Amino acid sequence: MMERLFVIGNEAIGWGALMADCDAFFGYPITPQNEVAEWFSREFPRRGKVFFQATSETSAINLVYGAAAYGVRVMTSTSGPGWSLMQETMSHLANAELPAVVVLVQRGGPGMGTTRHSQMDYFTATRCGGHGGYKNIVLCPSSVQETHDLMQLAFYLADKYRNPVVVLTDALIGMTLETLELEKIDFGPLPEKDWTAKGRARNKDGQIHIVNSSQGLFPWPYPNYLAFLTHLDEKYKAMTDAELRYESYQVEDAELILVAYGYPSGVCREACDMARSQGLRVGLVRPITAWPFPYQVLREKARQGVKFLVVEDSLGLMVEDVQSCVMKQSEVHLLNMLARHSPGETGLLFPERVFEEIRRLL
Amino acid sequence: MMERLFVIGNEAIGWGALMADCDAFFGYPITPQNEVAEWFSREFPRRGKVFFQATSETSAINLVYGAAAYGVRVMTSTSGPGWSLMQETMSHLANAELPAVVVLVQRGGPGMGTTRHSQMDYFTATRCGGHGGYKNIVLCPSSVQETHDLMQLAFYLADKYRNPVVVLTDALIGMTLETLELEKIDFGPLPEKDWTAKGRARNKDGQIHIVNSSQGLFPWPYPNYLAFLTHLDEKYKAMTDAELRYESYQVEDAELILVAYGYPSGVCREACDMARSQGLRVGLVRPITAWPFPYQVLREKARQGVKFLVVEDSLGLMVEDVQSCVMKQSEVHLLNMLARHSPGETGLLFPERVFEEIRRLL
Amino acid sequence: MMERLFVIGNEAIGWGALMADCDAFFGYPITPQNEVAEWFSREFPRRGKVFFQATSETSAINLVYGAAAYGVRVMTSTSGPGWSLMQETMSHLANAELPAVVVLVQRGGPGMGTTRHSQMDYFTATRCGGHGGYKNIVLCPSSVQETHDLMQLAFYLADKYRNPVVVLTDALIGMTLETLELEKIDFGPLPEKDWTAKGRARNKDGQIHIVNSSQGLFPWPYPNYLAFLTHLDEKYKAMTDAELRYESYQVEDAELILVAYGYPSGVCREACDMARSQGLRVGLVRPITAWPFPYQVLREKARQGVKFLVVEDSLGLMVEDVQSCVMKQSEVHLLNMLARHSPGETGLLFPERVFEEIRRLL
Amino acid sequence: MMERLFVIGNEAIGWGALMADCDAFFGYPITPQNEVAEWFSREFPRRGKVFFQATSETSAINLVYGAAAYGVRVMTSTSGPGWSLMQETMSHLANAELPAVVVLVQRGGPGMGTTRHSQMDYFTATRCGGHGGYKNIVLCPSSVQETHDLMQLAFYLADKYRNPVVVLTDALIGMTLETLELEKIDFGPLPEKDWTAKGRARNKDGQIHIVNSSQGLFPWPYPNYLAFLTHLDEKYKAMTDAELRYESYQVEDAELILVAYGYPSGVCREACDMARSQGLRVGLVRPITAWPFPYQVLREKARQGVKFLVVEDSLGLMVEDVQSCVMKQSEVHLLNMLARHSPGETGLLFPERVFEEIRRLL
């Protein structure tokens, strides 16, 4: 099965979910992710799959919880304010160890902010905005094709770890029109879903209850709270060890390494090419997983005295992760949504501006 | 005015708020912070102040928003799951630049977790769980007296920066019974609240609207979104520069520095004394502000080759901030809620266990 | 198409809806109507139709509104407390002239009441509990077969009048197991649904809006509010004139006429037969439509001096409608849920008790 | 205490409540009752009483429930759509036997309707829109002064019967400016509130619970459900017998009796005077309680062959109650919001139009 489409990133979310055998989508309208829900409303019912517009984002994520508890491959999609409303249930999903995919198409904040491009939800995605110190893998596509690919990976990882997975994208990739090669990616076998709610049974008091090992109600299958947390701790460490993904571009001999994810990573690749064409030794490290974060590769480079330029459409969030890799061993610079733009501009990052900054630094 | 009381930490929250001239409390019941709301329900109405139990945490924080918009000194209090429900409005408070104090008495998570002691909300407090990359100062008391003191500082800083301030405490400090010296602390003059909603006016279309400069609706007083974000950026930098607070204890000659906040910091101080009594050179750095974090002092010590032991009642969250200060220049160890406790234990951290770890490391 | 099933009344609701080409069911669990929702959850998805369990009864009826606006044949089902929560939207459905079927399986009230048999929602169904003085036809089945038949009539009348129709039943009929002959009833042609929301258009200000003539937003298609109300008034009068349905049983020569709907009507028929077998001239009038109510036939009989005995599983609600037919021209007696039952009894009405009352009256 | 004010009817609601020692008001904005809430927001806090704007009408009536359970004299106020949202809790108030006053300032319906004068909520008020067949007294003021007086009666009757009382008024009386003589009316002694929630106790399982005899949780103080309903039945009959109130005006020799409540009753009184001045024998019966309804007086007159003209700002609701008094013994005519008004008119009823109808009928 291979088909070529010409679609925007927000539609690639749907196509990727379809390739991943997603069976249900619950969501609530919010710009700039409305094309996602629109895709599902159009494509899912005709395939006998479920699309449902919930009464709020809180309702949507709880519907995701319910479907996931019964073993349905399920997802939702939202933007900043909706994401905030989902935090309690994100924590419950982590506690109940339920696989689900949540797409976060970033917009400007805080509060109402703007509905335009931005990357201001990096921390609430990577550090988890809900209570209780849980973790979720965060995947960051940088193109329409990669959106489609990472959606499939997201569903795979959710099932593999019985944990929610966040796909962190932005309005620019969401609205970019590119060629997409539709293809089902095979990541290998998944464990049996022997834990799902299956039906009803009577407990010792004779009351009917749902048989659901996913509820995390002790003592099943862990003898107590600390035993359960020990299990979570091991799972999170396994994620950290096994699921780090990033892309390096011309970093071998680089004196300056750009660090960017999402749409600015494409901007940086272009700036990198401009720099190389003028003989400047510039490379790019692009985190594909924002959590776990590629600390190690950046630390290595920092020890070699390589400088860093973080390009980020926010006031500077991921830059803190880069700084924590580098400390005083080298320099970390930031080109953010504000840097040297004249008032009235939109804050959009573009290659010429990054290149200008490269020249200033080298 | 000076009075001596014998109260628990959760009550000291109320007494501190009273000293800070707080006028209104909105909240919703959740363990282990119920004594906070109970205090306000008992002490506020009799003083002509407002106590209101809202229909949910979402409702409570929105009532806080409304009162703050009219210039009322206002607060709420909650624990993990309630905190998750407040994230959208935390972001709106930051956007509208409204001063408010939010007390977070941590409990175990994720999901339902436990209602006992824990420090699992470090990231959602310091990295801000809501959307849009805003910042709020996070104050961490380690005793009943300090709870009372930091509550007053919290209200002062909220007004100073027109920003929400989080008081991050835990069930153990909340339930500890200690002597409290009630005293109004004078932090100096505050700016006029010339920005509050004051009444009604007609806009150019003749419609009546609330005059409220706090709504962050452009173009007032900023010409556009980026100009407003530039202002926020400057404010957040000013907070970072001016509001860092921490306590050092016997760090001068220390080979090993314990890092802890909240109740484990008291545990560590005792372990520190045990170690000193046996000639072991151990110190303690206790962040009073978890954001901004005392990176600088830890970096200095790391450069000198000092080792670190983070003691934290979670799987390990603040430890990441310490690691980012230290990198490969020294060692960072973690004693968390799991480390070497036998199954069935509660995960409570205590001095002997910390001392045992100190001996292992030195 | 003709099939014979052995089912309970609550399942007959589903089978009737299926015969009526209902395409979507939205509901929320409440005893004693849970078998209704269970039926739809089992039978609808496998037929490619929609079953959705909403987050509340308020949500369910609003989903009904949304689906109806797009021309979907849609229904919900609930019991007393859920019915109360639906009142605002019942009024909106009437205003927007949207066809929908709402099944009300009565339970005991007020407040929590009991989940058992009762007929205590007669007034909120026939007088319409929501605001604004609208009307809806109320159909009252008295057997499993009639449940199935009236469900089809309900959908037909909803479409015919573009108005919600209520099917008012009770826990006893709902749980009675009887033979059901499944059969599609043909009530004749229905008007075109030329009024449904069809898609999007731009209004004169260039804004995209949903094209939906059902929204009742003036001036379409009525020049003003009073013109619209004139239309409603005519519609309600047409319903009153054309849709009255009732059953007479041995009333020709009766000295005493029993009046009952729902499960007590079966009880009364038996009591009637007992009486006839002893030579007592007793008949039964059973309203099939509780609104419009068969005033005329009762008035005729009252004028002839016939006595009435209303048998009703409530404190006495429909009895007021009977009294208003009869006034001082004859006698109206009431056998209600309380009458001469010893404390501790369930209040269930049964034939021997009715017969005893008949003998007392004749 | 006697003071003279010049206020509108909506303000007289507040002044009456104040005279009745009402201590708390919970509400949510809706036209045309906003002046009510505005009055309480201005006058209650300055007197140390509670005004709280809830997050919805549902929330408001539940706050009323909570306050009433603790013995607070409490009320809310709303219009049609808000009233619909309160129906579930109205039923719960009746079940828990909690005294509370609910003011319903009628507006046009159904659905959004209009915010203008109307009397379209007669049935949902008098027949009770919530589930479970409960009853509540409905008081109908016809002037500013009577609004103030009936508010006091409402609080008295609520306490006397431990039952919600509805004050059914309309936008026209609400906005009419008249002289008000502020005076505390003494209706006599009230029973002890020995049933209120008082604090906490431990049940036999050692759990703390609220001591509240008002919850209607069996078996306290009734042995079972039917015993409780028997009590309710007796209470409702006592209300019917003791609380009927109406005003007769020139009915002694009348050939035609106008029947009207609320603002149309003032219109009718004027029309009546016009008729009398021309020698036409016309009178007026004005129900002060819409439930219980003055059936008896109308029946007497009907038997004497007197004709009736119901004047009602709706499609015709109360007219059904009048018809049920009269049947075929006399004539009942209706002048409603539609009758012979040209399109575009507002449907407002006025004396000349009523007089014209009188002349047509006599």
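As written, the chain order gives the labels A, B, C and D, with residue 1 at the start of each chain.
In the analysis below, a contact is a pair of C-beta atoms (placed from the backbone, for glycine too) under 8 Å apart; a residue touches a chain by one contact, two chains touch by 3 or more.
Since we're looking at a predicted model, the values are computed, not measured.
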| item | value |
| --- | --- |
| Graph separation of subunit A and subunit D (steps between touching chains) | 2 |
| Most remote chain, CA-based centroid, reference being subunit B | C |
| Whole-Å gap between the CA centroids of subunit C and subunit D | 28 |
| Chain centre separation in whole Å, for subunit C relative to subunit A (CA means) | 51 |
| Subunit D residues counted as touching two or more neighbouring chains | none |
| Category of the chain touch graph - line, ring, star, complete, other | ring |
| Chains grouped in pairs wherever the two touch, ordered by label | A-B, A-C, B-D, C-D |
| Parts of subunit D lying in touch with subunit B, wherever the complex brings them together | 48, 52, 54-55, 59, 62 |
| Partner subunit C, residues of subunit D touching it in the complex | 79-81, 83-85, 87-88, 90-92, 94-96, 108-114, 120-124, 127-134, 216, 223-227, 229-230, 232-233, 236, 299, 303, 314-315, 317, 320, 323-325, 327-329, 337-338, 341, 343-347 |
